[in-house]
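Look for chain A in each of the two complexes below; its partner is chain B in the first and chain C in the second.
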Partner chain A sequence: MAIIEAIATTYLEAEASSVTFSSIPSTYEHLQIRMSARNTFNYPAGVPNLTFNGVTSSVYSTFAHNANASSPAGFRTVGQAYIRAPMSTTGNGVNNYIDRLNTGDYGPAVIDIFDYRNADTNTTVMADSATALTHTSPYISFASGLFDDKTVITSITLGGGDGNWMRGSRFSLYGLKSS
Partner chain B sequence: MAVFNVIAHTELSSTAATVDFSSIPSSYDHLYIRLSARSNAVATRDTIFCRVNNDSNTKYSRTNLFAGSTTMSSYDGGSQALWYDFMDIPAHSLLSDAYSGGIIWIPNYSNTSYYTQALTYSATVSDSTTDYHWGMQNVSALYKETAAVSRLTFSLQTGSYMPYSVFTIYGVQA
Partner chain C sequence: MADPAYIDQETGVLTDPEAWLSLGSTTLGSDTAMVTFTNPDDGSSLDWGQFMDLVIIWYARCADSGAQLTYLSMRFNNDTASFSYPYQYVRGNGANVSSGESQGQTSILLGMYPQDSFMNGIYAAGVCHIFDINSGKYKTLLQRTAADLDAADTGNTWLGSVIWKKQEALTEIDIYQMFGEDHKAGSRFDLFGVFPRMVV
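Take a look at the complex of A and B:
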């Protein structure tokens, strides 16, 4: 029996404002999203929105440490309508930037969602992410987030934030068993 | 054969000072541990300690990268009796029902020719932006011993693990 199973994969053939995984079974211990994505952000790097179960009230917090070439720093925000994860996502970087990214640049991220089916605890996530390295100042982030709600997670939405997810972005949701 | 295999899983139904994985088989290539935990310490955060093979000799060292404010910091420690400050988790004085996530990689754990290393990723989350009421931590750890890892014992600096804390240890096949 496989311990890690693919629950669903979304590959975008066209721009999308968000990607949602719904009807997530409660048969796993943890969830993990692995993604390679690019966004229409009007800048080289941006922050998408992670929400659970369609909840958009102010029950989310985000904490992170981020760095680019020279400026490591901690970050925190609470009482938000979403988790800022993955913290660094490759944007299209047009107009305001002369160092436009290559059209083939997509950024990686791994988002871990712990103990998502436990109705006695809030839900915590951790997310590693980075922007495309061909940009002159790529970002790398290690972020965590809190969903201050004990409801079992049955759907996950990755909103595009200030932009849309671009064609060619890929999102896979995995379940990890504990027995 | 499956690449990931569950060696053991513990979900606490009552407080526990330690979580002990003994008799870890040497039949895998790597160990992968995932946890979601909270401490009952009367504090905002607590830190997980880890001991290998019940060995309390001063063979442990680590380097920490930490953010609990907008300024990041790093520090290290060597010649210690266990892995101190191994992971960061929320404690009693923070938002109730907030549990941390944590991941540990112990590569090549059954090799008897080289020292054992570990990488950890952990986070204390809350609803507070007050400095050090939250924390993000990455740790690189060394156990200066060539014995295969057969036991891992997780304790806490101050408190005990609270009910609903979960630990799963996976054996990863190359």
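Take a look at the complex of A and C:
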């Protein structure tokens, strides 16, 4: 029996405002999203929206440590309609930036969702992410998110935020078992 | 040529395998300058052409005398061209947090690891994710490094990102000390391949 199982992979052939993994079985201990994505944000780095079970009420918070080329900074938001993750996502950019992005530029992220099937606790998320690096304003971040709700997670949505996920973006969901 | 493990040998039916497959594990018995992983390119269950991502997990120390952290470097497909590997990072040393980026690199900074005058037995560790290794995208990396040296303000914890500005498939990984020093005996490097979902 596999310890790490690939649950689903979504590869976008066209722009999409969001990507959803639904009907997630409660047969794992933890979940992991691995993604390589680019967004139509009108700026070089932006933040998409992570939500669970279709819930968009003010039950999410995000703590993050972000950095650009010259300065690291902390970030916090509570009582929001989504987790701000992955915190650093490659945007298509405008003006000074668009000519510096190559068509091959996508940003990486790994999002771990812990103990997602436990109905006695809230759900905590850990997300590392970075933007593409061929323009002069890259960002990198590690973030934690809280879903202040004890519902077992059965679906995950990665909304595009201010933009759409672009063609070629890839999202994969994995389940981790204990044995 | 062996069929990949996710193809049933008797029926030929596609199945879902373990999502992470070990592609190689190297533990150095003596000081060694270079660790190399190469795609066997043989259609077997270890052929890199079937994987979506690769993950490197390393635990290493530099054999060079000295009492500083030094540079653990990596290259893909023997690419030594300037501006091939832009990177960015945020790091802390126990007292300060800093960040930076660089565009003109000729190699990947995989992490920092201790030189050999530090207390015996201290090795640094890291996890490096390499995404979409067979796609037409530039290959992006996301990496974490831990180098706790049991001394004030000399350790280093690091979150980094690198992009390899090539759209070709990744077929070779070389891991070495930036200035040609050896990795210390006992250093370990593991490579895993990550499958996508096979069966819908």
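Just so we're on the same page, the second predicted complex is superposed on the first by the 173 of 179 C-alpha atoms of A that agree within 3 Å, B and C clash if a C-alpha of one lies under 4 Å from a C-alpha of the other, contacts with A are read in each partner's own complex, and residues count from 1 in each chain.
The rule we apply is simple: contacts are C-beta pairs under 8 Å (C-beta built on N, C-alpha and C of every residue); 3 or more make two chains touch, one makes a residue touch a chain.
All values derive from a computational prediction rather than experimental measurement.
> Is A:102 in contact with chain B, with chain C, with both, or with neither (first, second, both, neither)?
It touches chain C, and chain B stays clear.
> Pick one for A:29: touches chain B only (first), chain C only (second), both, or neither.
first
> Go through the superposed model and pick first if A:79 touches only chain B, second if only chain C, both, or neither.
A:79 contacts chain B only, not chain C.
> Is A:6 in contact with chain B, with chain C, with both, or with neither (first, second, both, neither)?
The answer is second: A:6 touches chain C but not chain B.
> Quick check on the superposed pair: does A:142 touch chain B, chain C, both, or neither? Answer first, second, both or neither.
both
> Check the residue A:179 against both partner chains and state whether it touches chain B (first), chain C (second), both, or neither.
The answer is first: A:179 touches chain B but not chain C.
> Of the two partner chains, chain B (first) and chain C (second), which one does A:120 touch, if any: first, second, both, or neither?
first
> If we overlay the two complexes on their shared chain A, which of chain B and chain C does A:157 touch? Say first, second, both or neither.
A:157: touches no partner chain.
> May I ask you to decide whether A:65 touches chain B, chain C, both, or neither, giving the answer as first, second, both or neither?
Both partners.
> Which positions of chain A sit in both the chain B and the chain C interface?
2-4, 65, 72, 128, 142
> For chain C, which residues count as touching chain A in their complex?
It is residues 16-20, 52-53, 86-90, 97-101, 103, 129, 131-132, 135-138, 140-142, 144, 159-163, 165, 167, 194-198 of chain C that touch chain A.
> Please give the residue numbers of chain B that touch chain A in the complex, ascending.
Spelled out, the residues of chain B in touch with chain A are 2-6, 9, 34-36, 38, 65, 67-72, 95, 97-101, 103, 121-129, 134-136, 138, 163-164, 166, 168, 170.
> Name, in rising order, each residue of chain A that touches chain C in their complex.
Those residues of chain A that touch chain C are 2-9, 34, 36, 65-72, 102, 104-110, 128-134, 138-142, 168, 170, 172, 174.
> Quick one: in the complex, what on chain A touches chain B?
Its residues touching chain B are 1-4, 29-30, 61, 63-65, 72-79, 112, 114-115, 118, 120-122, 124-126, 128, 142-146, 148, 150, 176-179.
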